[in-house]
Structure formats: structure tokens, C-alpha cells
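Okay, got some structures for you below.
You will see two complexes here that share chain A, one where it goes with chain B and one where it goes with chain C.
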Partner chain A sequence: MFSCTNPDQIEGLNWLVCYLSTAKHMAFYQSFVVVLSLVLITAPLALLFGLMAASASRSAIAVMRWPAKIYIAMVRGVPDIVFFLFVPLALDQGIEYIRHRALCSDQTGSVWQGNDFIVCDIAKMPLSSASAWAHDFYGFMLAVTAYAIVFGAFAGNVLAGAMAAVPHAQLETGSAFGMSRRQVYWRVLFPQMWIYALPGLSNLWVLLIKATPLLFLLGIQDIVYWARELGSAKTSAYTYPHPDWRVWYFLALLIFYLFVTWVSERVFDRLNRRFSRGQAVLMNSQQAGG
Partner chain B sequence: MSSCLNAFQDYGLRAIGYGERLLPKADITICEQFALIGSGLIWNIFFGVLAIVIGYWFALALAVGKMSGSGWLCGFSVGFIYLFRGTPLFIQFFFAYELFVLLPKVGITLDLWVVTIDLETRWLTRAWLGALLVLILNTSAYSAEIFYGALRSTPRGEVEAAMAYGMSGWQRFWRVLWPHMMRLAWPSYTNEAIFLFHATTLVFFSGFPAWRQSGDALYYANYFADKTFNPFIAYPIIAFYFIIFTLMIIVLFSWINRRLNRHLPQHAKQRLSIRLNVIR
Partner chain C sequence: MKKVILATVFASMLAMPAMAETIRMGTEGAYPPYNFINDKNEVDGFEREVGDEICARANLDCVWVVNDWDSIIPNLVSGNYDTIIAGMSITAERDEVIDFTQEYFPPSPSMYVGLSGGSVDVNGGVIAAQTGTIQAGHVASSGATLVEFATPDETVAAVRNGEADAVLADGDYLMPIVSESGGELAVVGQVGIGGGIGMGIRESDTALKAKMDTAIASMKSDGTLNTMIKKWFGDDALTF
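So, the complex of A and B:
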């Protein structure tokens, strides 16, 4: 066994092992967990948003239908990156504005003064006295919201398409049996649509994974941040001097994403086979026909 | 009103190096934001159009390669498509930039018998070439997968009929397979074009430096949002521009779609509907 106390005296593989287990590298490995947790938290939220939007877009009430339709359509026209930059900032300012109005009602001036956004100290989110951990968590939650909104709109597209794909005759049969609209929705449409939605949803899952490096744009210390930080050239003033290694760090990230998408693809393939059992969809007839 | 005209004169072409050198710093007007973000859009269109046009031919080659089913060409195509579709574009940009930086600055001289080509590798670290290259390769992989799917669903009878007519492999491809593939692939390819156009906004956030603050639309929108601390003006402006241009892409592509389907009987014609079932 060797120790890492004198890095300049060790060489080769031992040096590499020591180098890869510094405190900063541990933070780098933790950021992979952050990325995966973002995906795992966002996916169900986005599915919920999408489900609500897709259901509302079929509503008979115009006030419910049109906002849902606009929400679903927005990701077709505007790049998702714009939302990732806009939503966290807008949310943050919105929250601070409301707190400012509620907590410091004595200040009547506009919060936008020149090129600044000024709220009183006790309206800050999180409070400037809060720990660094609270700041990180708040930033992460803003990012989760932004991702959930954007991917909720994507999921809304997929689910609206899937609801439209459920054979109309089945819904009519439901109402012929005397079911109410609500009953038709929950007993016929809802259970039937998933098989039509699955290919689109699996694609969305991969899309969500591939969108995670954009966390870097939101100022979160994610894997891209650490790859740049750790990979940049270190002079001999550092414990572990090395030339510019960023290209290797990014190569490692590419391999990581390749692996995650590969695993997801296999899981969804299996799910798709499981769910389409006994369904009259194209895949089965192809299998039956050879 | 005249000050608004001034803003467009000063900043309308700022993104490609003409007009006012300094970006607006204080007292930023809405007109200045409209002008500068609009000028940044030139870069998005540059990247989008060139990547789609060049990437189309490369994607075609890749799809045919994957279709061939065996040999090194097939292996290369499958690997290439898998690599570029399985990793985020954002990381591809970063990786490519760091790779280009490492290339020798002097340039490589290719002696091609008749002509010699000086490849100036230093241009690769600039966004207009380096990022364009990444975008071309990226869209090629996605388009190739779309084309491959369309090629696979060509009815066997059509190819057999072409063989019976004594067409060579080359003729079979260009007269039978290719038109059929285009028709089937077009709706998905429209989606790809839209999302590639949207993806061009990543370029200046991904390592490639904006030389003399000449960036794309999102670069300027982000600049304004940072400067004014007010996201409610700059981002809606860029959203407005992108909606307009997305609609233009849809109009153009559905016109092509109509031409591709013009020989079909009326009831078999399909209107181009932009469904987002499978995106990128």
C-alpha cells in the first residue's frame, strides 16, 4: 500500500490513483449523482405536467383547453435552452418580488432600478445569511422546475398524440355503455394510451438525459463545470501538476452518457415488449408475420 | 422612432462585425435589444442552413452504409450514428473544441497530386468552422437514422421491378429508393431541421469563444438579461424571433413535402403534420 501524502515523489499508476482520489475529484464524482438525481426527480414531474396538459388540451372548456395547447406548442417554436436560461431567473425574481411586496410593504419604489433588481434584505431567496448548502439546494430546485416545465411540454405533445391514437370506437363504445366523460377517460382512454405513448416517452427520457449537461448554464457545479475545472492545465504550484487535460475529461463524459443512453435503450426495449403483449399494434403483427 | 432606426443601423449587422463596436451598456432600449438579438440570428441561420445542407449528403451516405448490412462501411456508419446520437451535443461541442485546440497551430499541407491544400487548423477553434463541423456531424447522425428507417420500409416489389427493368445499382438507388425514402422520411426530417436550428443556440455557450463579442441570438439575449437583470424582455424577444423562423421552416418544408407527394392520388396524400413523437 502507498500513501498520497507526497504526490511529487510517486509515479505512474500510483500517482494516477492518488490524483483521481483528491477531494475535488470526489466532488466531481458526486456531481454525477446530482445529474442522475435531477433526471430521476424531473422525469415524474414532467410526466405529471404533460399528463395534465394533454388532458386539459382535450377539455370541453375553452379556458382550460387553450392555455394547455399553447403550453404544449411552445417547445416546438422556442429552443429549450432559452427556457433553461429564462425560467430559473424569472422564477427567482418572481419569488423575491412577491416576498418583497409582502415583507417590505413600506418600500414603494420599483424593484427594477436602472440595471438592477433590488429587493429588501429579508425578501432575498435564500436569505444571504443562509448556508452555502441552502443556496445550492435552491438553485437545484429552480433547475428542476425549469426542466420539468420544458419536458412537461414535450411529454404533453407525446401524450396528446397517444390519446388521439386510442381508437375512437373504443371511446364511443364506452359512452354507449352509459359511461360519463370522466369514466370514459379513466376506464378506457387512460389505460389504453400508454402503449401508444411509450416510444415517444422513451425518446423523451433519452432527450432528458442528453439535456442534463445544460445544468452548467444555470451556474450549478455539475459534471461539465468540474470537467473544465479539473482538466485545465495545472502549474507546478499545484499538488498534481499536469498539462491541459480537458479533452480527456470530456471524453470521459462522452463515455458516461453513451453508457447511460445504452442502458436506457435496453430497458425501454424490454418495457415496450412487455406492454405491447396482446395489443394490436404494428410491432406484434410484424413479429407474428415473421 | 428615429432612435429606433439608429439602433438597427448600429447593431443590425453587429453579429458579423459591422456597425457599432461596443455593445450597449447603460440605458438599453427595447429597439437595441431587438436589433442586436436579430443580428445574432444571422449566425443561427448560418449554422442551421449549412449544417442541414451539407449534413444531408453525409447522412445519405451513412444511411446507405448502414443499409448495406455488412463490411467496414456498415460498421463505421452504425458506430458513427450511435456515437453521435448517444451523447449530448453540448458535450460534443466541448470535446471538439478541446480537441481542436490541441491540434498543431501551423496548419497541415495536403499534397493532393494536382493541387496542394493548406488546411489552417487554427480556424477550427473558431465557432464558424469548428462548431459548424460538429453540427454537421451531429445532424448527419440523426438524419441518417431517419433515412435508414425510411429506406428499410421501401416495398421490396419496387426494387424488384427496377431490377427487372435492368437498372444498375446506382440507377436503382437514385430513381427508386431515394425518391421513396425522401417521401417517407420528410416529416421526421422536418422535425430534425427544426430542432437542429434550435440547437444552434448552444454554440456560444460551449467553449467556442465569441470573437469580438460577435455571437448568436441567445448570446446577445443572455448578455442583455445579465446586464439589465431583467429576463422578461430579452428572452421573449428571442422567443419571438425563433417562433417566426420555425414557422418559416415549416412552410418551406411542407412546400417540399407537397412536391414530393404530388404524384400520389388525392386521398393518399398526407399533409405534413409536425408531431413530436420522436425528437432528435
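So, the complex of A and C:
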């Protein structure tokens, strides 16, 4: 076995093994887990937001319908990056403002002083003295919220389209059998819309994965940040000096992203087959095509 | 009786040595030897050493935070951290938005670095600089074509792959790169721009600014700061 204590005296493969196992590289490997957990947490949340927005946008009650329609139209119309910058900032300052009002009610001055946003120390979220871990986690949760709001609107649009695509005759048949609006929704519309929503949703899933490099805007060190930082040329100020190796790091990211997309494709294929079961419309088209 | 107990508890709490205040230090972590992230994934460099010493003298408990250069000022004013210690030159424009402590690093010249052997027109060619730096401002007003990059490393890479004729950055950042490039890169020009480097602090945070100023002044007067400058920038570096 060899040791990594004197990197300038080792060469070749040993050097590479030591290099790839530095604490910095460990953080790089960890960031893959962070990115994957972000998409895995965000996706169901966004789907929930989308489902609520889509259902509300079909509601007969105007106060339900209009906020949902405005939400979908607004988020789809504004560039993602604007929302990724706006939502976490607004959330963070909103939370701190509320905590400031609640916890430091004795302070009467405005929280905005010139350029500065000042809340009292105990209203900080998280507290200045909190561990780095708490700060990271808080940032991560803000990011999840921002992604869920943005992708929720996209999903809402896809699901609204899917709901409209379920043959109207089926809903009317449901009513003819004496089902209430609610029963028609849950027993006829809801189970059948998925097959129409699936292509759009799988597209969104891939978009979500591709949007993860925006994480660094929110202060989270994601895989693209690390690839750039680790790959950049290093002078001997660093323990492991090397020339510009960004191309290799980005190649690794390319493989990672392609791999995730490949796995996603397979999962969506399976889902597609599953939701097609018992679908008269699709069966016919499959038989005609086959 | 209860009140008496409470009062005693309160008095004893006040008498306890004050807990050190936690200060979050924002830096870029990509500008060696000023600040960089070492292979142990810790902030390292001249400013790490200076910052830790300042905090020790001001009796502050300091935590290091890495932030993109682009958003380093907005995140200070919105309170994500309390200071900027990232090789930031004191300029009038920045001083309108934030405050600076007294300088902890004297004004040092900026350098143009290009491929060795080539001839570079620093006032008419294509010059790379990092976004939001005094060097980018200088290139824009010098008549040369400015290409901006988000990180310092990318500005040097742009020269290496021929995208830019030269890069303009702090000489202290470029010199180690030039000397380790094996003759590939060479200094092609020099210009004195900007003031010294100070620590950025929110304008409303006057108490913190005073503490930092006192600590920096004491490090200047006992020579500690000069020792650190020489350690990181060589014996020829400008000192106080």
C-alpha cells in the first residue's frame, strides 16, 4: 500500500488514486447525491403542485379557477432563471421578516436600510451561529421550493391538457350512470389522464434534471460547480497541481447525465405500458400500428 | 422570592464571559494566493490567514462561506454573510453600495499576460478579464475588446486556447501561473489601477467595521500583516 501524505513524491496511478480521493473530490462525489435527491424530492412535489393547479383550473368556481390559471400562465411565461433567483430570495427575506416582526417586536426601524436588509440576530434564518450543515440544508429546501413552484406550473399545464384529452363521452357516461362530479373525477378522469400526461411529464423530468446546474445560483455547490472548480488549472499553491482538466470533468458529467436520462427513459417506458393497460383507445391504435 | 432568584440568575448570566459573536466571512475561493479552496476542501490562502488573525484579535468566532464572485456583493447586503474578504479592491463605485475597512493589502499593479512570443496590443486587441472586477472596467475603457468570464481561471484558459490575446488581472494572481507555465505564458504589460484591498462590510454594520479596523491596525503596527504578505506573495511584495 502507498500513502498520500507526500503527493509530490508519488507518480502515475498512485498519484491519480490519491488525487481522486482528496476531501475536495469527496465533496464532488457527494454533490451527485445532492443533485439526485433534489430531483427525487422535487419531482413528486412539482407533480402535486401541478395536479392541484390543473384540477383547480378546471373548477366551476371562479376563485379556484383563476388563481390556478394565472399561476400556470405566469410561471410558464417568465424565464426559469428569474424565478430561481426571485423565489428563494423572496422566501428567505419573507421568512426573516416575519421572524423579525415576531421575535424582535421592540425594534421599530425598517429592515431595509439603504441597500441593506437587516433583521435582528435571533431572527436570522438559519442563525449565524448555526452549523454549515444547517445553512446548506436551508438553502437546499429553498431550492426545492423554487424548483417545485416552477416545474409545478409546467406539470399543471401538461396535466390540464391530459385531463382535456380524456374522451368527453366517457365523462358523460359516468354522469349518465348517476355519478357525482367528484365521482366522475376520481373514477373516470383521474385514472385515465395519466396515459395522456406521460409523454409531457417524462419531458419535464428530463428538463428538471437538466436544470440542476442552476443550483449554484442559489449557493449550493452542485456537480457543475465542482467540475469547473476541480478541473481548472492548479498552480503549486495546491497539493495536486495540474493543467486545465475541465474537459475530463465535463466528460464525466456528460456520461452521468446521459446515464440518468437512459435510466429515466426505461422507467417511463414501463410506466407507459402499465398505464396503457385496459385503455381501449390505445389498444386499438397499438393493434392498428402492430 | 422568585423575583430575587430570577434577578440573581440574570446577574450571573451577565457576569459570564461574553460568548464570541459569530461572523460569517464570504470569499470566492478561486483566486490563489489570495483565497482558494485547498485539497482538504477548506478555504486557504493569504486571506484565510489574515481573516483568522483579525477574528482572533477582535474576539470574533469566524465561519468561512464560499460564494460566487458575481453575487458576492448582493449576498452581503441581503445578510447571507457579514463580510467580504475576497481580494476586493476598494473603489468608489463599490463604496456606494457597501463599506470597506482600511486596506489590509497595499495597491499592487495589474498585469497583462499573453502567450510568449506573440505581440499583443493591450489597447486594441482582445483582452480577457473577470466580470465585475476593476480590470474588466479598465479594459472596457481602454479601447480594447473585452471578453468577460465568471471565474479567474477561465480568463487564463481563454488566453491559452487563443480566444483572447491577453488577460488582465492582479499581478499577484497571474505571476505564479506565468512562472509555472513552462514558458508558455509571459507578462506583456502592466498597469496600476485600483486602490488597496479591504474587507467589505454592510454600510449599516458600523460596529463590526470599527472592530475589524482596530484589528487590522494592530496587525499593521506589530508587523504581523507584513510577515503574512511576504509569506504568500514573496519577499518582493509591497508591504505597509
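By our rule, the second predicted complex is superposed on the first by the 278 of 290 C-alpha atoms of A that agree within 3 Å, B and C clash if a C-alpha of one lies under 4 Å from a C-alpha of the other, contacts with A are read in each partner's own complex, and residues count from 1 in each chain.
The rule is simple: contacts are C-beta pairs under 8 Å (C-beta built on N, C-alpha and C of every residue); 3 or more make two chains touch, one makes a residue touch a chain.
All of these numbers come straight from a predicted model, not from anything done at the bench.
K.L.:
Could you say whether A:I81 touches chain B, chain C, both of them, or neither, answering first, second, both or neither?
P.N.:
After superposition on chain A, A:I81 lies in contact with chain B alone.
K.L.:
Looking at A:T235, would you say it contacts chain B, chain C, both, or neither? Reply first, second, both or neither.
P.N.:
After superposing on A, A:T235 lies in contact with chain C but is clear of chain B.
K.L.:
For A:A211, select first, second, both or neither according to whether it touches chain B, chain C, the two together, or no partner.
P.N.:
In the superposed model, A:A211 contacts chain B only, not chain C.
K.L.:
Examine A:L253 and indicate which partner it touches, taking first as chain B and second as chain C; both and neither are also allowed.
P.N.:
first
K.L.:
Name the contact category of A:V267: first (chain B only), second (chain C only), both, or neither.
P.N.:
A:V267 contacts neither chain B nor chain C.
K.L.:
Applying the touch criterion given at the start, work out whether A:D116 contacts chain B, chain C, both or neither, answering first, second, both or neither.
P.N.:
Both: A:D116 reaches chain B and chain C.
K.L.:
Per the contact definition in the header, classify A:Q93: touching chain B only (first), chain C only (second), both, or neither.
P.N.:
both
K.L.:
What is the contact status of A:A27 with respect to chain B (first) and chain C (second): first, second, both, or neither?
P.N.:
In the superposition, A:A27 contacts chain C only.
K.L.:
Would you mind checking which one, chain B or chain C, touches more residues on chain A?
P.N.:
Partner with more touched residues of chain A: B.
K.L.:
Contact-wise, after the overlay, does A:M141 reach chain B, chain C, both or neither (first, second, both, neither)?
P.N.:
In the superposition, A:M141 contacts neither chain B nor chain C.
K.L.:
For chain A, what residues appear in both contact lists, the one with chain B and the one with chain C?
P.N.:
The overlap between the chain B and chain C interfaces on chain A comprises residues 89, 93, 114-117, 216-217, 228, 244, 246.
K.L.:
Looking at the complex, which residues from chain C come into contact with chain A?
P.N.:
Touch list, chain C to chain A: 22-24, 29-30, 32-33, 36-42, 45, 61, 63, 65-68, 71, 75, 77-80, 82, 97-98, 151, 153-154, 156-157, 160, 176-177, 180, 202-205.
K.L.:
Taking the touch rule as given, give the residues of chain A at its contact with chain C in the complex, in rising order.
P.N.:
22-24, 26-27, 89, 92-93, 96, 113-119, 124, 128-129, 132, 135, 216-217, 219, 221, 228-229, 232-233, 235-241, 244, 246
K.L.:
Quick one: in the complex, what on chain A touches chain B?
P.N.:
75-82, 85-86, 89-90, 93, 112, 114-117, 154, 157-158, 161, 199-200, 203-204, 207, 209-214, 216-217, 224, 227-228, 231, 244, 246-247, 250-251, 253-254, 257-258, 261-262
K.L.:
For a test of understanding, state which residues of chain B touch chain A in their complex under the given definition.
P.N.:
So the residues of chain B touching chain A come out as 26, 28, 82-83, 85-92, 94-95, 98-99, 101-102, 194, 198-199, 201-202, 205, 218, 221-222, 225, 227-232, 235, 238-239, 242-243, 246-247, 274-280.
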